[in-house]
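Below you'll find a set of structures to go through.
Shared between the two complexes below is chain A, which has chain B as its partner in the first and chain C in the second.
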Partner chain A sequence: MSTASHTMVYEKKALPAKVATTGWALLILGLLLGVAAFMMDALRMQFVSIILFTFLAGIGITALFMVSIEYLAGAVWSTPIRRVFEMMSSIVLFLPLFALPVVLSMGNVFEWMSPKAATDQVLINKAPYLNQPFFLVRLAVILGIWILFYVLFTKNSRKQDETRDQSLTARNIKLSAIFIPVMGLSITALSIDFLMSLEPHWFSTIFGVNFFMGSLVAALSFITIAVILLNENGYLGKGIVRDHYYSLGFAMFAGCVFWTYTAFSQGMLIWYANMPEETPWYLHRWEDGWNVITISLLVVHFIVPLFALIQRKNKTNPARMIFMSCWLIFAHMFDLYWIVMPVHSHVAKIHGPSIGLAELAAALIAIGFIVVLFQQQTKNKNLVPVGDPKLQRGLAFRL
Partner chain B sequence: MSKSQKMNKNEEQLFAVTGQFETPDDIMHAAEKAACRYRKFDVHTPYPVHGMDGAMGLGESPIGWVTILVGSTCMLLMLGFISWISLIDYPIVWAGKPYFNLPGYIPILFEITILTGAVTTVLVLFLIVSGFPRNNHPLHDTPYMQRVSDDRFGLCIEAADENFNEAEARALLEEMGAKDIAPIYFNPVEADAGLRLSNPIFMVFLAGVVVVVSGASYFALNRMLELPPFNWMNVQDKTVPQTLHTVFADGRSMQKPVEGTVPRGYLPEDNYKEDPDAMAKYFANPLPASQEVFELGREKYESRCSACHGFYGEGDSRLQGQYPAPPTLHSKKVVDEWNDARIYHVITYGQNIMPAYAKQLTKDERWAVVHYIRALQRSLNPKESDLQ
Partner chain C sequence: MQVANRPSSQADGTPDFSVEPSVVLKNPSFHDITEVISKPIESKATLKWYIALAFSMMLLTLELVCWGLSFYYGDGLWGNNIPVAWAFPIVNFVFWIGIGHAGTLISAILFLFRQKWRNGIARFAEGMTIFAVMTAGLFPLFHTGRQWLPLYLVPYPNKHAVWVNFLSPLVWDVFAVSTYFTVSLFFWYTGLIPDFATLRDRTLGKDLVSRIRKTVYSVLSLGWRFSNRHWRHYERVYLILAGVSTPLVLSVHTIVSFDFAVSGLLGWHTTIFPPYFVAGAIFSGFAMVVTVLVFIRYIFDMQHIITVDILEKMNKIILLTGTLVGYAYGMEFFIAWYSGNAVEQFVFINRAFGPYAWAYWIMISCNVISPQMFWFRKLRRSVPVMFVTSIFVNIGMWFERYVITVTSLARDYLPSSWGWYNPTLVDFGLLLGSFGMFFTLTLLFVKFMPVVSIAEVKGVMDNARPSHHGGDH
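Right, the complex of A and B next:
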C-alpha cells in the first residue's frame, strides 16, 4: 500500500463524439414525442411534466448532497469520483426550465387551485400555505438556494485543481454544514408542493424523507453508470478500483432499504390507524387495478435490489452494477409514476392504471438531458479533482 | 515474564514464529509475501487495515451465508408462530383487522431476522475463530500480543502450516525487515486444561449456579413476601371479600342488600323483556328533569335515534327509504297512553323492526333520551303554562 503505487496519472481526455450524438438524439426525440403527446393528451403531459421535474430536481439536489456529505464526513472513498457527483448536480442550474411547464399548467393539475377548493373547508384552512403566489415564491427560493450552493461548492472545488489550496476544502466543509439542514428542509418543501399537494387533503410527515431516498438512489445510479463507463474506458486515470464500485453499490443498497423503510412505515401506520383523512391516498393506489402497480413497486424498488445488491460479487462487477443502476433509475421513475398518475386517472376519469406517449417522452427527455449535460460539463473540466488533498487517500481506499 | 518462558521447555511445542512491523504499508507487503508461501498465518494490527483481506489472499468469507440462512429461517419460524397464535390458538379481532395481519407482523419479523442473524453470526465467529468453549490461546499474554494490540503490526506464521520450517520462517521475516522476531511456544497439556463443557468441576459449578439462582428467585418471590417488613403491603387492617368479619353478627365481610331495596345501577329489568306492560307498571324514570339530563338526552337522541325518527321525532327519516321510516313519536299512543317506562322498554329491547339499543346506550342515557322525547312532545303540543 505504498503511496507511490496509487499516485494518479491523470490526463484529460475528451469524451467520444458518440456520447453527444446519443444524448442529443435522445433529447430531441423526447422533446418531439413530448410535443406530440401534448397535442394528443394535454392533461396527461401536464401531469407527466411533474414527474419529469421532480425526477430531475431530486437527482440534482441529492447529487449535491453526496458532495456535501463527503466534505462534512471527511469521507475519502468518493473523492476521486467527486467530479462526477458535481457534474450530475449541475442539473439544478436547469431546474427553472423544467419547472416552467408545471407552473404554466398549475390550474389543471393541483386540486387546491381548482374552483372546488373555494368551498372545501379543509382546503380553505390550508389556503394560507397552498396558494399560487406563495407556491411560486417557495419554488423560486428553493431553486435559488440550490443554485447558489451548487455554484459555491463547484467554484471552490475547481479552483483547487489549479491552486491546490487546502483551505478551499475547509471552506467547503463549512458550506456543507450550512447546506445539509437547508437541503433537508427544502427538498421536503419541494416534495410537499409538487407531489403531496396533488392530493391536498392527505398528509404524511415522512413523505419528504421518502422522496429524498428515492431520488438519492436514482442519483447514485446515474453516477455509478457514469463512473463505471468512464473508468473502464480510461477517462479517470488509473487508480479507481472495484472497491470504489462496491461503495457506490453499498450506498445504493442502503438507500433502497431506507426508501422501503420510510415507504412501509408510512403505509403501515396509515393502514393501522385507519383514519378517514389518511386512507384515501392509499385507496386511490389500491383500487381499480392500481394494486398491481403498488405491489410491482415493492418488487421493483425493494425485493429485486435487496437480493441483487446484497451480494459482494454483484457490487464489484461492472456489468451487473450498470444493469442494477438502470434498474433503479427505472424504479425511481416508477415510484414517481405511482405517486403522480393515480391523481391523473382520477381527474381524467380513467379507470385503472394507464400509460401513454407522455411517460415515454419524459423518460427520453430526462435521460437525454442528463447525457447531454454531462457531456457539456466534461468539455473543459477535469474529471478528477486533481488538487484535492484527500485524493491520494481516496485512491488508496480499500475495503 | 511471559507464560511461555516460565514453563518447562520439554513439555512445550512451537506454535508460531512472529515478527513485528512499524507501519501499515510494511505489514501489507509482508502479508502479500507470506501469502505466497504459507496458508496458516495471521496478521494482528491495532486497528482494522483496509485491503488486508486482499493482501492475505483471503477469499470472500462464508459467514454471510450463516447470517442470511439463520435470519431467514428464524423469520419463517416466527411467522409460523404468530400465524398459529392469531389463526388457531387465540384468534381475536383486533382493531377491525383480519386475523392474518401481515403488515402488522412485518416489524416483528424484521426485528427477529436482525436479532437472530446478528447473534448467531457472533456466536459462530466465536466458534470458528477462538474454538469456543476453549478459553485460551497460545498468543495470550505474550510480548508479541502486547505490542500488536498497541503500536505495532504483527505477522504470525503458524507451525501447523505444511510448508513450515522454523529457520526458514525466521529468514523470511528477517528479509522482510521484521523486528523482535520471536518464537511462541505453548504447552499442549495446559491448552487442553482450559474451560470445557465436559469438565466435571465446570458441570458441578453450573449445577450450583442453577440451584442458587432458582432458589434465590423462589425465596424472593414466594417466601420473602410473607416476612416482615416485605409483607406490609399484603397484611392490612381492612376487610377483603371471602374472609371472616368480626363486627357483623353473621360474620360475613360481604353483606347482603337490605330487604326490598335495589342497588343503584342494578335494576332487575332483564326479567321484563317479554312483558312491556309489567315494566310500565313497576318502573319509573329515575332521573330528574334537569338541564344536564336534557342535554345528555338530546346528544344521544340526535346521534342514535334521529337518523330514523327525525330531529323532532316526527318519523321523517333521513335514510331516504333505505330503511323503513318509523311512525311519529307525537301520536296519541306515545304521548298519552305510554308512560316513561314503556318508552324505555322499546329503547332497551326494540320493537317491530327497530333493534334494541341496550348495547349502544347505558341505562341512564336511555332514561335521559326518554326525558328528551317527552320534551319534544311538549314542544309540539305545549300546555298553556309553557306559552306564557
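Right, the complex of A and C next:
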C-alpha cells in the first residue's frame, strides 16, 4: 500500500439547481406558515421560536465543536469531510437573526419577566442573574464568541487549500484548545438562559451537558446526510468510503447513549430524592397526558437508535444512515418540544400536549434554512480540504 | 532490515501532520519486543524489586493488623460517629474504585476508538483495575460490621422470603462492582492468553522451577497455538468484551455516585453527580497509571514502548478530565446560587469557608489547578512534572471524596445535630495499608506476568504496517 493509491482526485462541481430550489421553497413556505401561525396563535409561535433558536444554535456550535475536536485529538477519519462540518457550523453567523423573535417576546414566555415575579421570593432571589439586561449581555457575548471562533477556524482552514501550510493546522490546534472550554461554558449558559429558565424555580446541574449531547447528535445527523448525499453523487471526489460513514454512525450512537445517560441521571435522581424544589418540572411533563410524550421521547431518542445504530451493517449502509439521521433530527426537535411546550401549555392554560401550525413552520424553516445555507456555502468553496496535511491519512482510514 | 522510524516532524522541527507518528520508537524487531517484555519475568528478581516488595508488604501487614483489630473489636475502633456515619471507609472505597477506572477506559473505550497508543499501557492499566477494585471491596465489606454475613448482600430465594432492599443504591453497588470486577478480569485474562503462550514456548529449562513454570503457563494459555483460527476467535471475543466493558466503565461510578445523590442530603443530591463521578474516576485512575508507569518504563528499559508521546496523551486526558471535574464544581456552586435557595447556598459556602475549608481548598488546588500545567507541551512531556502532578491529583481526588462525604454529613439541616469527625489511628492505618495491598499485588504482577501486551504492541509497530517495505506486501 503506497500513499499514491489514496491520492484524492477532487474536482469542484456545483450542486444541482434543485438543491437551491428545494431549500428556498421549504424556507419560504416555513416563513409563510410561521406568519400565519403567529396571526392565529401568537403565544404558541413565540414559544416555538425558542425551539427554533435553540435547535439551530445547538447544531451550529456543536458542528464547530466537531471541527475543533478533530484538530485537538489529531483525528484523521474526519479530515476529508471536515468541510461539511465547517459549512454546517456557519449557522452561527445567522443566530442573532433567529434570537431576535425570542428577544422580542421575552416578556410573554419567561415567567421571571412577568409582573408576578416581583412578588415571588424565589424569583426575587434569582433576579441578579435572571434579568433582561444581563440576559441580553450574555446572549450577545455568547453569540459574539461563537462567530469569532467560526471565522478564525474557517479562515485558516480555507487558506490551507491554497498554501498547504502546515502551520495553519498547528494554529487551529491551539485555537481548539482555547475554544473547547469556552464552548462548554457558553453552551451551558445558553441552555440555562433559554430552556432551563422557562421554569425559573427549577434547577439541574446536568442540564447543559444534556442539551449539548442532544445538539451534537442532531448536528452529526445533518452532517451525515450531507456527506452521504454529496459523496454518493460524486461531489467529494473519490476516496471517501463506507468506513467513514461507519465513524459518523459510531459518533451518533455514542452521542445518543450519552444523551440518554445524562437524561437518566437527571430524571432518576429527581424522582428518587423526591424533593419539592425539583419534582414539578417532571410532573409538568407527566401529568395531563404529557406522560405519552415523555415515554415516546425515550423510545424515539434512545431505544430505536440503540438497536438501529449498534449494528455495523446499518452504520455502513448509506440509505439506512440517511434514514437514521432524519430520525435523530426529529428526535432532537422532539426533545426540545418536550422541554419547551409544557410551559406553553401551562401559560396558555391548555390541557395536555398539543401541536399546531407553529411547530410545522419551525421545522420547515430550520430545514429549509440549513439547505439554503449549505447550498450558498458550497458555491465558492472546495467541498474537501484539499490542502490539509492529514487528508491522505484520512482517505486511507479503514476500520 | 533496520529501517529508521518514520519522521514525524518537518525539516524545521515543526510537526509533520501528514505522517502518522510511530507508536513504538527505536524501530525494534518483533523479537526484540518479546525479549524486552519477557526479561523481568525470566530473569532473577532484582534487589530493587525486593526492597519495594518488602516496603509494600510492610504496609500490607499494617492493613492486615488493622482489619484484624476491626474484625475482633468491631467498627467502634473507627472515628465514624453520628452524624458522620460514613467516613474513611466510604472515602477509601470510592477512592480505590475510582483508581480502577483507568484500566477499562484504556483497554475498552480507547480500543473502540481505535487509539493505537493504548496498546503499550492497556495491560498494566487493566491489572491495576483489578487490584484497585480488590482493595476497594474490603472497605464496604468491613463497614457492614458483620463481615461474616456477606451472603446477605446477595439476593437469593429462601424460605424466609428475606430479600435485600432493591431500592438501596448500596445493593446496586454490590451488583455493579462485582460485575465490573468479573468482566475486567475476563478481559484482562483474554488479552493475556497469547502472551502466556509466548512465555510457555520460551520456557525451555529442564530444572524443577522451569518445569513448574512451563506447566503453569501451559495451563493458563489454554492450549493457544498462534493459529490463524485462534487469532480470529480472539479478535472477535476481544471486541465483544470491549463492547461489554464500555458501559461498565460508566455504570460503576455512576452507581457509586447514586450512593450519595439519591439521598436528600445537602451537597449530595445534585443531578451532575453521575458524569462528574465518572470523570473524576478516570482522572484519578489515569493519574495513578502515570505515577506507576513512570517507574516501570524506567526500571524495565521500556522507554521506547511506553514512550513520552503516550504519557503526553495520558496527561492530556488528565487535563481534560480535571477540567471537567472543575466544570462540575463550578456548576454545583453556580446552581446553588442560581437556585435562590438559602439551604443550597449554605452548603457550598460551608464547604468552601466552613470548618472543613482546608480540605476543600486542598481538593481545588490539587484537582483543578495543578493539572492546568499540562496546557504547556514542555510540562506535559516532562517526566518529573507529570510524576509530581499525578501525585497531587491522587491526593486531590481522595480529598474530593472526603469533602463530599464528611462536610455534608457533619452539617445537615438541623444545626442541633451538627457534629465533627476525627479519624482514629486505625482509620489512618487502613488508609495507608490499602496502598500496601495495592502495591504488593502490583509488584507481584510485574514480576510474574508480562506488564505490556507482547501481542498487542507488535500490532502497532511500524514493521506491522502493510506499507512498511514500500508497498511490497
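Observations on the structure shown:
FYI, the second predicted complex is superposed on the first by the 398 of 399 C-alpha atoms of A that agree within 3 Å, B and C clash if a C-alpha of one lies under 4 Å from a C-alpha of the other, contacts with A are read in each partner's own complex, and residues count from 1 in each chain.
Criterion: a residue touches a chain if its C-beta (ideal position, glycine included) is under 8 Å from a C-beta of that chain, and two chains touch if they have at least 3 such contacts.
For clarity, every value in this text was computed on a predicted model and none was experimentally measured.
Taken together through their common chain A, the two structures put chain B and chain C in a clash.
Once chain A of one complex is fitted onto chain A of the other, the partner contacts of A:Thr169 are limited to chain C, with no touch recorded for chain B.
Of the two partner chains, both chain B and chain C are touched by A:Tyr272.
In the superposed pair of complexes, A:Pro389 makes contact with chain C only, with no contact to chain B. Legend: residue contacts after superposition of the two complexes on their common chain; A:Ile303 is shown touching neither chain B nor chain C. By the touch criterion defined above, A:Arg398 reaches chain B but does not reach chain C.
When both complexes are overlaid on chain A, the residue A:Lys313 reaches chain B alone and has no touch with chain C. When the two complexes are superposed, the chain touching more residues of chain A, out of chain B and chain C, is C. Contact with chain C, but none with chain B, is seen for A:Gly184 once the two complexes are overlaid on the shared chain.
By the touch criterion defined above, A:Leu148 reaches neither chain B nor chain C. Stretch 455-463 of chain C is the one among 203-211, 275-283, 329-337 or 455-463 that clashes with chain B after the shared chain A is superposed.
Shared contact residues of chain A, touching chain B in one structure and chain C in the other: 1-2, 272, 274, 399. Residues of chain B touching chain A in their complex: 24-25, 28-29, 50-51, 53-55, 60, 68, 95-97, 103-104, 106-107. Note for the complex: chain A touches chain C at residues 1-3, 74, 76, 122-126, 129, 166-167, 169-170, 177, 181, 184-185, 188, 192, 203-209, 261-262, 265-266, 269-270, 272-275, 277, 389-390, 392-393, 399. Against chain A, the residues of chain C that register as touching in their complex are 10, 14-18, 20, 114, 250, 254, 258, 261-264, 269-275, 323, 327-328, 331-332, 335, 337-341, 375, 466-467, 470-471, 473. Contacts from chain A toward chain B in the complex involve residues 1-2, 243, 264, 267-268, 271-272, 274, 310, 312-313, 397-399.
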